[in-house]
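Please find the structures below.
Shared between the two complexes below is chain A, which has chain B as its partner in the first and chain C in the second.
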Partner chain A sequence: MAELYGPLGLSCLLHGIFFPYFIAFGVIILFLRRWEKAAMAVSILASSTVLASTLMLFARHQGLAAGHEGVLPAATYTLSWLSTDSAAFQFGYILDPLSVLMLIVVEVVSFLVQVYSIGYMHGDPGRARFYAYLSLFSGSMTGLVVSPNLLQTYIFWELVGLCSYLLIGFWWHKPEAAAAAKKAFVMTRFGDLGLFIGLLMLLHAKGNAAFTDFGTLGLPAGLATCISLLIFCGVIGKSSQFPLHVWLPDAMEGPTPVSALIHAATMVVAGVYLLSRSAPLFLASETAMLVVLSFGVVTAFVAATMACVQRDIKKVWAYSTVSQLGYMVLAFGAGSSQASMFHLFTHAFYKALLFLGAGSFIHHAGSNDLFEIARKGGRGMRITFWTTVIGALALAGLPPFSGFFSKDAILVAVKENCHPLWYISVMFVGFLTAYYSFRVVFILFRKQEAGPGVAHGHGGHDSPLVMTGPLMVLALATICVGAWEGGFGHYLSGAPHGALHWDVAIPATFLALLGIVLAGASFGSGGREEGVLDRLPVMEIPRRKYYLDDFYYWVTQKIVLGFSFLCAYVDRHFVDGAVNGVADTVRWMGSQWSKMQTGQVQQYLNVLILIFSILGFGVYLTVKF
Partner chain B sequence: MEHGFGILTSMWVTPMIGVLILIFLPSRYETGVRLVSLLAAAITLVSSIYLYIQFDPRGGFQFEENMLWIDYFGVRYHHGADGLSVPLLLLTSIVIFCGILSSWDGIKHRVKEFHILMLLLVSGVFGVFISLDAVFFFIFYEIAVLPMYLLIIVWGSTRKEYSGMKLTLYLLFGSVFVLIGLIAVYVHTGMKTTDLLEFKALLAANPPSDLFVRTIFPMMFLGFGMLAAIWPFHTWSPDGHVAAPTAASMLHAGVLMKLGAFGILRVAVYLLPEGLRYWADMIVALSLVNIIYGAFVAMHQTDLKFVIGYSSVSHMGIVMFGIGMLNYEGFAGAAFQMFAHGVMTALFFACVGAIYDRAHTRQIHAFGGIYRRMPIVCGAFLCGGLAGLGLPGFAGFVAEFLVFWGAFKAHPVIASIAVVGLVLTAFYVLRVFQRAFFGEPNPKWDGLTDSSAIQNTAYAILIGTMLVFGIWPRLFLDIAQADLNLLLSEVLR
Partner chain C sequence: MITLQEYLSVGALLFTVGLLIVLFRQNAISILMGIELMLNAANINFVAFSNALGGLTGQVLAIFVVVAAAAEAAVAIAIIVLLYQNLGTVDVEKARNLNG
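On to the complex of A and B.
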């Protein structure tokens, strides 16, 4: 396809997207650990270079796509990385609408988060390290997006996991952060096992893992199901689907810009992206699609219920992210990878907005607690507050905000392709979503309390422009992106997108409004900290996180560590005991034999005669017979 | 065919010359002693890089030196390097160079004797990797093993007499099996020569009985396997690692354990390839135990060095696992894992040594938040840990990927079980980070200082090596490919 993109190709631009972040990481970690300002400058310079290259790439690529009949075919630029007799691996770039759209998400949010962090991380002694990790993350995420085969995806999949680990544990001196970082890594690694085995299985079957060949693999149905489900295991871990989602809420121990970038907009959606990338593989197996759908719906529902009962603003958005990831996954399971990607696209902007807004509140109030933020004058922070409202409107799925359009596409797909029960469940999740997002808004809208608890007392002040600027950009994106649905669909799949389905949109909007009304009735007036939903006894289950954390704790403490204790015991007392036993036996035999060295000549002679007699007898027998 | 002395001889002679100079250097010139020893290591490092670059990737024994030594027994002074040994020579020289740097300040008494023994040991290691004659191979093998005894009992810690004795007896015990195997082959081939290549030719001309192969191969395999810590003959290794001083641990885990795996390939598999085919399933089973069991035991340890010691047991299991797969991916992964694990574990021990020298304890729960005081040491340890859990970007990932891929081709179910080792490794490695390095800084350790510039150089070399080979694995695989394929074709014939 190189000729399609002109003689120079677009690989130069792709180099400009792939390399700067890694260079920035290397420079900072090696030379600029003590020069924080320089480290920030280098990182943001890299970020802007990448963003500029991405936008240029998008402009040129979309220009080509507009003049092209149907969907633009994928182009790959690769070099041989690892090869054996039975398979060869390429390392390089894949360029198609899917990767370009994903690059836009990653690079735009990365850039905004880097700018925002100037304000948020102001005065933190580890800023240089922070920017180094951010750069490494964005570079690895870029590598994941442009990866042309499953092995390269796996490589960067692990690297973004590492960055997530490093950034969750960025404030390493907090024990909770250190524990959360470990939990995130181990949980996702657990899912990655499936991905790894799936990769091996695919290699074994086809000797190839290039995405461009996924459509023509011709695998037997059982094998296709098996490989798809194994890949989906990786998705469950990385995109925090039920029941491995428990790491994501804990990951909120990291700095808030990190939560916005990694745990809302980019890394956690890598799983959804991988699903779209390997769509042909999944589409070959109805079982796999059904499994994906059901995991998505369960995740969306379970996480939404948990979001309803959180007091910590970041936790609300974290569970909300899990729930929205469930939406993306279920959209894919319902057969619409386009709706899934579009929701990924819109969600990235409004969820990054909500997180960065939460960061701004936390920065101001010094607390994560919703009620505490409200008491310290959250609504006085005008830009932060109103951009958060915009984000919440999009999250609740009200027109004309972007979330409305993407959720509509998902609901249409579910309604058309799946059992009505799924459709009803997703509708209900929409109601919960509106409720919990406006629960936050109504709580924050409460009047500032005067009194000794108010430390700052300057309710009218908002965060500095480096922080509110990105908020406004993201709010603008949240308002506008929805209108681009038609262009998005055409670019991604070459098919014109149908108009809104009013039979879906009207009930969905109605349910969302109902949720908002319920939230308003519960938290709109008065100083209550508990709403109608909170008083339901059944809400104890989401409050206890569906007992999953307890279960995992029990598994690690009792099963894993118990088995580890057993192995260590066996090793010390049986395996090593045998070794020491042999040594002791030898020593004992030596001491017994040494008793024969009595020094008495008569005894020596007796033994001598005895032995000679036996020998002589033996010789006699030998000769005779 | 006679070839005179060449660069390979210089590989093992250089450290010996270093030893000679040190013997005549008064022991009060401690810096001088260190410099001489570092210089000897540096020369071998340069030579091994030269060998690596000059090596013809088409394979076969190169840089050969071949002279008759004892006519009566047919002993030849025969050296040669192939795609299997050239990377290991590089590994050895990197580890000894970094080992000397890491113990620059750590070793305070009997500096001269320490360096003499280190150089003696490393000379033996180089000798093993280049010997193509059974007698020389065996002599060098013993030279490589014995100095460790003194290194442990003089400069060691934590039950050092017990561990030193255990290690030495164990490895000598193993080498008896190797010796029996070699003598059996010698007798079988008519006692005309001890040259491995001629052994090979004679065995091809006069194939031994199945019984011979099936009894002699496992003897050699176990003999060498003990040095590679094959389960259940592994318990000497964690004890030995823990007791040995830093640089000796680095050499021990980084290089000596590879001698075992190398011996399996160079002697046992090379001479009796049918034996590997016959015993492959057994090897797979034992090494699977190594991988999983080693990881579980590592999880339970409270001493940093024991954690790493058992992680070595687990990781060396991956080497044997690859060998047992009887396909190119497995072999290549095993060879690569030897190299990758060597560098990685050397880094581990260098870091733990630095911590121990300053804190005088290695108990994980005694620490907490020492990242504040020792960011570079902890960062380097982090790199080692990440390499250990198979993070892409480090050489270990490619090695493990190849092994598991080969394993999946041969035994899909067993491979899927072994892969669980990756999660277990992540679990125990990250636990160490969480408990010892992160968390609330313990005020008791406010006095700790970070590593010196000399130690940082060592870390940088080791991490750099892991990254270079991890990012561009063909650097290794192109070198080893031809010879591994040759060896494999004989196994499968």
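On to the complex of A and C.
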């Protein structure tokens, strides 16, 4: 369908989207490691180039879509990279509404995070390195989004994982950061293994992993289910679904802009994006869809309960991210890839907003603790505070903020396609979401305490404009994006989206309001640090993170280490014993045999003569003269 | 008239004597003399066959053997001199540095 888009125009824009970040990374890491200002300039220049190209691409592509009946077909621009008898690999770009929408999310958030980091990372000695990694990360994410086949996706998928490792462990001198980086890497690798096996099986079966062919693969049902579930393994790791979600809250050890970029808006949604990309494969298998749905619901619920008991502002948002990712996954499992993508879209903006706001608070108060931030006058940071409230309203799903529309779409999908039990669970998660997001807001709204602990928080001081500017842009996006739901639906799937479903929207809004009221009653007045929910004995379970970390610790300490000790014992005593035994035996035999070498020439000669005599005698007996 | 058989018997006897000397004497010079005996036993055979068969080939070979023996004696005596210089003896049982 390349002719539809014209021969060159759009692919040129795609080059302008794909390459600048990698160029910026190369330039910074090779030449600008000591020139921090120049490194920042290069990185932000690349970022703005990419953002401009993306917006132009979106404008032109959407213009085409508006004049086109139904959904625009995907166009791919590829080069043949490697072809063998059994498989052919292409490298290049895919251009369809899905990738364009995802590019917008990635590039807008990347750009704003880069601008915000000017303020947040001010004075950090590693800023050049930081910007290099940010560029590489955004570039990898862009590459992932435009990948036309699963193999290329896998390559960038791993690059994204590497960048998250580098950025989470950016303050490597902190042991917690180093451990969190390792944990993130290992946990996601766990899932990636499944993705890799799925990719290999797909290549083995079809010799081709192009996304455009996913609808017409014609795989046997069992194999399709198997490959879908293996791909979903990768999604569980990358999009931090239960039970591999434990890496994401720990990943908050990284600098806050990184949390916003990687762990809210872009990297973790790579999994959801991959789900939407391979939707035809999943839709072919009911089992796979049910598994996806149940993982999504469990994740959404588990993470929401954990978010209710955190004291660390970044951890609240981290668990909230996990929970919202659960929403996206369950929306996909309920059969609405469009609702999933729309929630991804809205969530990216309001979650980036919340994280950047959290960073602004932390920058100001020097602490991650909610109560500590409140004591040091978080409420006085007007722009940060009120943009956070907007983000929290969107997160809670109140109209007219964006989260309301996307959650409505998800709830409709779940109500129409799934068992009522799922619907009720998702509703309940909505209640929890409103509670924990407004728990944060009400705590932050408390009056500043006067006292010696208050260093520089005399109210009215907000962060510099490079930090509040992105907040305001994101807040604006959070307010406006929801209204675009109809256009989004038409652009992505060609179907005009129906009006709001009041039978779903009213109870959902009511539950959200209930959550806010509960949060207000618990934390709105007085200096309490425990709400109603905190006093329930059952909340001990989420407080202990569902014992998952303990379980993983137990597995690694007892089972893995025990097995390792066993292996070490066997190696030391049996394997080494056998190897050394063979060597010793050979040496002993050699020493025995060498005793034949007496050094007595005459003995040698005796033996020689004896042998020749015997041979001669034998010849004499056998040969007739 | 001396028959070929008698020549060969003398040669064999001489060879055996030389061999026994080489095998059982300990003095290196004696061993060298034993080797010379064996070479000359071979020479007797060559010449005897030459005489019996009426050709010159055997005689030519005998002369070659004499030349080879002269060269061998020169080298061997040089070795024995060195042996004596290093070990202070020409007893081959003492020269056992190459044992295992």
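As a working rule, the second predicted complex is superposed on the first by the 583 of 625 C-alpha atoms of A that agree within 3 Å, B and C clash if a C-alpha of one lies under 4 Å from a C-alpha of the other, contacts with A are read in each partner's own complex, and residues count from 1 in each chain.
In this section, contacts are C-beta pairs under 8 Å (C-beta built on N, C-alpha and C of every residue); 3 or more make two chains touch, one makes a residue touch a chain.
A quick note: this is a predicted structure, and the numbers were derived from the prediction, not measured.
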* Asked: Is A:R189 touching the first partner chain B, the second partner chain C, both, or neither of them?
  -> first
- Figure out whether A:L200 sits in contact with chain B (first) or chain C (second), or with both, or with neither. first
In this superposition, the partner of chain A with more touched residues, chain B or chain C, is B
Report task. Based on the superposed arrangement, let me know which partner A:D576 touches: chain B (first), chain C (second), both, or neither? Result -> first
### Partner chain in contact with A:P175 - chain B first, chain C second, else both or neither
first
In their shared complex, chain B is touched by residues of chain A numbered 80-82, 84-86, 151, 154-156, 158-159, 162, 165, 169, 172-175, 177-179, 181-182, 185-186, 189-190, 193, 196-197, 200-201, 203-204, 560-561, 563-568, 571, 575-576, 578-579, 583
Within the complex, chain A is touched by chain C residues 19, 22-24, 92-93, 95-100
Per the touch rule, the chain A residues reaching chain C in their complex are 593-602, 605-606, 609
Touching chain A in the complex, chain B uses residues 166, 169-170, 231-232, 234-236, 293, 296-297, 299-301, 328-329, 332, 369, 371-372, 386, 389, 391-393, 397-398, 401-402, 404-405, 408-409, 412, 415-416, 419-420, 422-423, 426-427, 430-431, 433-434, 437-441, 473-474, 477, 485
